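Handing you a structure now.
As written, the chain order gives the labels A, B, C, D, E and F, with residue 1 at the start of each chain.
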Amino acid sequence: MPLTDLTLAELREFRPDVAEPADFDAFWTRTLEESRAAGGEATLTPATTPVNQLVVEDLTFPGFNGEPIRAWVTRPRTDSPLPAVIEYIGYNGGRGLPGERLQWAAAGYVHVLMDTRGQGSAYGGGGHTPDPHGSEGSVAGWMTKGISSPDTYYYRRVYTDGVRLVDAVRQFPFVDPDRISVTGGSQGGGISVAVAGLSGDVFAVMPDVPYLAHFQRAVELTPQLPFTEVTQYLSVHRDREDVVFNTLSYFDGVNFARRIKAPSLYSVALMDPIVLPSTVFASYNHVPAADKEIAVYKYNGHEGGQIHQWVRQTQWLAERL
Amino acid sequence: MPLTDLTLAELREFRPDVAEPADFDAFWTRTLEESRAAGGEATLTPATTPVNQLVVEDLTFPGFNGEPIRAWVTRPRTDSPLPAVIEYIGYNGGRGLPGERLQWAAAGYVHVLMDTRGQGSAYGGGGHTPDPHGSEGSVAGWMTKGISSPDTYYYRRVYTDGVRLVDAVRQFPFVDPDRISVTGGSQGGGISVAVAGLSGDVFAVMPDVPYLAHFQRAVELTPQLPFTEVTQYLSVHRDREDVVFNTLSYFDGVNFARRIKAPSLYSVALMDPIVLPSTVFASYNHVPAADKEIAVYKYNGHEGGQIHQWVRQTQWLAERL
Amino acid sequence: MPLTDLTLAELREFRPDVAEPADFDAFWTRTLEESRAAGGEATLTPATTPVNQLVVEDLTFPGFNGEPIRAWVTRPRTDSPLPAVIEYIGYNGGRGLPGERLQWAAAGYVHVLMDTRGQGSAYGGGGHTPDPHGSEGSVAGWMTKGISSPDTYYYRRVYTDGVRLVDAVRQFPFVDPDRISVTGGSQGGGISVAVAGLSGDVFAVMPDVPYLAHFQRAVELTPQLPFTEVTQYLSVHRDREDVVFNTLSYFDGVNFARRIKAPSLYSVALMDPIVLPSTVFASYNHVPAADKEIAVYKYNGHEGGQIHQWVRQTQWLAERL
Amino acid sequence: MPLTDLTLAELREFRPDVAEPADFDAFWTRTLEESRAAGGEATLTPATTPVNQLVVEDLTFPGFNGEPIRAWVTRPRTDSPLPAVIEYIGYNGGRGLPGERLQWAAAGYVHVLMDTRGQGSAYGGGGHTPDPHGSEGSVAGWMTKGISSPDTYYYRRVYTDGVRLVDAVRQFPFVDPDRISVTGGSQGGGISVAVAGLSGDVFAVMPDVPYLAHFQRAVELTPQLPFTEVTQYLSVHRDREDVVFNTLSYFDGVNFARRIKAPSLYSVALMDPIVLPSTVFASYNHVPAADKEIAVYKYNGHEGGQIHQWVRQTQWLAERL
Amino acid sequence: MPLTDLTLAELREFRPDVAEPADFDAFWTRTLEESRAAGGEATLTPATTPVNQLVVEDLTFPGFNGEPIRAWVTRPRTDSPLPAVIEYIGYNGGRGLPGERLQWAAAGYVHVLMDTRGQGSAYGGGGHTPDPHGSEGSVAGWMTKGISSPDTYYYRRVYTDGVRLVDAVRQFPFVDPDRISVTGGSQGGGISVAVAGLSGDVFAVMPDVPYLAHFQRAVELTPQLPFTEVTQYLSVHRDREDVVFNTLSYFDGVNFARRIKAPSLYSVALMDPIVLPSTVFASYNHVPAADKEIAVYKYNGHEGGQIHQWVRQTQWLAERL
Amino acid sequence: MPLTDLTLAELREFRPDVAEPADFDAFWTRTLEESRAAGGEATLTPATTPVNQLVVEDLTFPGFNGEPIRAWVTRPRTDSPLPAVIEYIGYNGGRGLPGERLQWAAAGYVHVLMDTRGQGSAYGGGGHTPDPHGSEGSVAGWMTKGISSPDTYYYRRVYTDGVRLVDAVRQFPFVDPDRISVTGGSQGGGISVAVAGLSGDVFAVMPDVPYLAHFQRAVELTPQLPFTEVTQYLSVHRDREDVVFNTLSYFDGVNFARRIKAPSLYSVALMDPIVLPSTVFASYNHVPAADKEIAVYKYNGHEGGQIHQWVRQTQWLAERL
């Protein structure tokens, strides 16, 4: 796989304007208020797992519209408040089985891994969270579910779930509420950018090869799934281009990045055919925070930095805690 | 593409038993009763189309749970009651634009083309019918939506829509209610088999390369989408095999075929990698009707007989009208 | 599939010079004169088809060198002269079975669908017209048949067939000879451009994703069949580049577009890997007619606008009739 | 690539009956008589080539219907009569440039490499022989050209060319007319089987992975081109199965193999996806000659034994000369 | 991906004989004796890793011929002797970074992850162990390195490394030397079978989708890498079949399985195109141990049971400890 | 396959700087001195081959470190000194069987075909030369063997073998030592460039589509194997970019091209996806020799000019001899 996008020098300067609706903030304020108003309780129960050197718990918390969302909490065997890292998952994946992802907890953090509603059946250990919302006609997948309106668009629910999880984690007695960071790869990176843009008080954001930014460019130039779900939708609904891009403007990572105040550590892979590097830099270059950096993996595809990036994240985060 | 399945001689004898739940009929009786009880009006409005030598109308009728389903009605410019042909659509397709499918009307039939809820964004002219039901975690696509239970499974709604369309068409003044046939290719063939099995009084059923039969074999042996959505689901949810196949047993074309009383004209393609010929014959060979035949396309893939089969259908149907 | 060519802004300005031989007009004048001199009768016989709401007839007319070419005529059940639309077919397709394409007739036009000599065995309903001319060594397919000379090149015969069909249709009593338009998709679009350039008096030309223009660019940059047949030929016959491009200059859609006087409605798809958008714009941008427009399908591949474009064509044509 | 067909034990016993028309011999006798009656002269001219340690000449000889066919003659620098090996070429290839194939001449044989009419533009050095016969509609390629009748089928001309080349070579003063063998790989192997079946007096036949035998099985089971050209033809011309297989029965390698009297050395590759091993054994197992053997390459695809098989051929042939 | 092999019922009975050389045991006894005689020290040093809830150490131990081999040791923060699980890695992978695989340690075991010499550059975190042995000509990869003789074959060194690691682990003060189990996926599964067959005293063996068994069948029928490296080798070295299979008979998992005395928990995936299920059952069905079972993943490819299988392994192992 | 790189006009001007280590010449002087000091005898023995019109001999000569390397010598049946052409082989190929490549000898040259150590098992007739050097972890293949240091890198040995073969050929009584040329395709072209840069006195160099130049660009942009082996290595060993490119700078064809004094005839193919044309021109454009030319195959992939280029080479060489 050769380079899939601009040269690195060009990428570093790539700071395109993308559409931002006038009521972007109002839309999200209303959305979060409504979901918070819906209430609901977060519950933690011990998970059944062979892991015994760490605590693993099954979390159900109220997400969008108060709907129950699942997550795994994995943490050291102590009740002293610790810094937390919330992780969101890549497209089509699920939270898997308890004890499946142990790195952050083994490094001394409370790790919370959020299930993505409706997804979780394509690979790995599986997901456990329904998305109790129907859709008008859509392409197979989640990228075009409810795309006729920002109100019904699938990612309105997912991003809100992500914010509501921060709300829930902040209440845990074993978490230091001032040191909650968010992270994730691909879709998980995109959610973490959105959450960091919407939750002004996260401690840090560490998105890897984040998906869901600069939709116009992504839809025109990405050769592989899942951005192409939108392309396919538009290839059939030839008269809905304006509707679609209006909806997407409420969910574009660039617009969330503009609102990030927390220290930010992005990563990007220059041979990535799924999340084009220019869409990552479009997001990163708009982050106003002074304390930001981006790890560039020049010879990797969408796998990005993998465990190398995790080590870098732990070092970067430790320097700030 | 070589032959994808058994030899023709073997296929003609392939009449496997598939699981049939004890409450199969009860389940469907209850399902149809509930949806009929939900009521709703069928409405016909003139369609905007360049076609002026035929009448084209936009139909909305109450489907599963009374939910509005769209269809196109295309028919000769006469109000005398005519025989009707209801057509269901292949996976991922939509009813398209008015005037897109003209053959049956041009041959003197009232043609009714049903949209498939939630689908219609993958190719062609597009669909226009929402599926207002969420789902637990599923594979991208429709094959595993709500698969945990026959009550929530996606095709419960689709098959019911298909039956309710027969109910609606029977009321049209320009239709001879005793001569309503059902047809369709691939998924549309599968729906037509189900509808024929559930609506005892359709005049004839003409499924082409019908999908959705003998799930166990299909899931194990089909190399291409969309049966593989189920395979993928089971590859992740490794502990749900029984649940999945229990649900599917309520939707297996073989079980509907066993209940068909109408004259039946199937078609099958022996080089089909999407609907394995053995699953078509499993359905066909169980049809108890004496008046049945199957057109065998020996050198075709999933496209089957195309216009050749349509000509054959018109001849076969004309002989019976 | 991402964008396959220049940006839309660049395409709108893309008006390259292509080689035009000094005797281009002389060559075609001679060619048409010789074939017209060869004479021959057009014959219409009723077609065997289930279609009974429209008239369907089997046409044989004298094409290149007077050789018999087949077509279907489909039209409303009236003998009053109507405007006609002649349609040419995409590469490798055939006219199919009678009654297979009904849209134009159902919208009130006389529709004439020309078989492409020698082709018609790759998909669909099949073709029925021989090409009684051998060839020197060539690549499998039609793009390099007789390519050593414009006199022997395959498309000399096909384009001439197209012009001669206009001659034939003009004689039909049920056609208004002043309102004969030409259309077609892909290869059919390329033929319609050539016919419009050669038949000064067609009423309108409506090529969709037209093939066969700007051969030099197409041969260098097109990733998929069938332009690559020429590439493959040149990869073997490494010393014949001049011969090949000299021949092709007599058949380049750009050179025909320069000669179009009729109102023109093109369409193009920006994600088309078979007919690069730049080759469509190279043709379109050279059309001197003031009354021209191009429908741009930004998210489609070679399927282009499909039924949407047909609706647009009917509206555009109706405004001019 | 795994095994593509039956096990070796099964293959050794695979001796199926294939259709043989009652007038098979009459058809070929008439064909050869007519072409011989058409006359024509074989001409040899020195070739322009860097090769100076062997003699290389350009041969034009009268083939089917007396039409000129090209070949290269390559031979040791002596005028004493030598044994000759005639080689036919694989599908889509051409005789290339003079001096391109030197092995047989370097081993002391007169080597004659026949161009295949119409082919020779897909790879390598190219071909130089026209096929001056048109065709009804066909699939791109040569497998379905003129397939409506044995009289017009493409391989009638090619096989006759092959036989007429034996006639021509027998007249060369530098050839021992009693020691002319035929060989070739793939299509070239198929031609050599046909020629050996038709020319009762060739000294030996050495077909490698020979194509063009047991058409029914090949068309049903071969996954790759070019047998699939016939499959594709039948997928469109759904009503022409009888016509097609009747024509092919006059050209089936099994029927020629039954008539071979010369010593025979076949080769076959068990992982060949282009010429299924069972079609090679179907031919080989029907050769009545007592002096026959088959080299089995168990782990090769269609490349077969390559230079290893050539060494084996030279040893086998030397033992018999 | 459909089923890639026999049916499950057939697989359960599939117990083929494979070649076993007369000096199999002598060969391995000599091999292990020589390497043990080469001596060398195992050294443990703390690893640099963010993981602080577990102990992670960098192990270098003497493998084949005393050559240094790397591994990671990951374990609970206690010095009391614990049961240990040695894990071998899949083809082309490396041990990665310290702290990359935490499951076994987090479940209370000493986990030792062996690098595979020469490999470790294809994906993931990388490997760190040279293979200081050259090779005669081979296919890219490791399957044919030194394949001319069992003495020089690559896997002689790798299997010996695996056995020598058991030797080393047995000396660790924090390991209970009577409760050392071996496991691994794919190639790692193959190594664990070999080690269990050679080290009579391992506590248990848990191979997942184990590679490297029944070479003759695997080489003939596997469609994908890396068994196909052997196929490719034989397709070139057409005269070395006997040499190759003689060498491989010393490394066939079936022959090691016959010698396993420890409790065995295999897993297999029925849609696996890389390790055909029949080759797994060929190994499993020959295990003489009474205490054995096999987890069958009916709808998975080569990923097999993943975390599900690990949970099953922990339960199975806990029952026996 | 479309153009894979810059336009021809751009390529002709493409003369990028690549890294050249300060001790480049010292490194190679030392390397060659050490290997020459290792001594060893070249031996020629008659080859067993059916070829009897030319002399074919089996050569073993001392290569890197005096290690035995194999080659075939093929030549006219005369003992008078003749000009010689040494040919190196493409990646993964071997020298094959004696008598497999005859062109140069048949044209009156002594032809010497060098085996590439360790390779020769991927296609064709096979190779016969071991590479008795192990490696640290590497990607399957040869591109990353020993890449941690120029001293251990695989191509240090191969290039040295190539130079040492010139040394050996110069001693043959049947060779004119002042007229030894080097050639080869792909990897063989890369070796010939290196040898011409290192052996100041070769008569001419004729590399075809030469591999192994401008590594930085090649690794970033080449879509297909084998340059991608380096890309894959760097995707795993994310921290070794400097080490890798430092090593490669000692082996970059551009640096050898700068040192070529002999007349040079390159060839390049503009649709080559394996060796990007820009990397060929990067090498060619740096050749300081006044007597140089490059054959451009505009429509070919990596096969380049094939026999056409050989004819051109013979003409070009004859003009200079």
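Keep in mind that, in the parts below, a contact is a pair of C-beta atoms (placed from the backbone, for glycine too) under 8 Å apart; a residue touches a chain by one contact, two chains touch by 3 or more.
Remember, predicted model here, so these are calculated numbers, not experimental data.
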item	value
Shortest chain-hopping distance from subunit B out to subunit E	1
Partner chains that subunit A and subunit C have in common	B, F
Farthest chain relative to subunit C (centres taken as mean CA coordinates)	E
Chain located farthest away, centre of subunit F as origin (C-alpha)	B
Centroid spacing, where centroids are CA-atom means, of subunit C and subunit F in whole angstrom	50
Centre distance in Å when subunit A and subunit D are each reduced to the mean of their C-alpha atoms	63
Interface hub residues of subunit C, defined as touching at least two other chains	123-125, 232, 235, 303, 308
Chain-level touch network, classified as line, ring, star, complete or other	other
Pairs of chains, among all present, that meet the touch criterion	A-B, A-C, A-E, A-F, B-C, B-D, B-E, C-D, C-F, D-E, D-F, E-F
Subunit C-facing residues of subunit B, complex	49-54, 76, 96-97, 99-100, 102-103, 105-108, 123-125, 303, 306-308, 310-311, 314-315, 318
Residue ranges of subunit B touching subunit D (in the complex, touch as defined)	1-3, 271, 297-301, 303, 305, 308
Touching residues (chain side subunit E, partner subunit D) in the complex	219-223, 228, 231-232, 234-235, 238-239, 241
Contact footprint of subunit A on subunit B as seen in their complex	92, 94, 117-142, 144, 232-233, 235-237
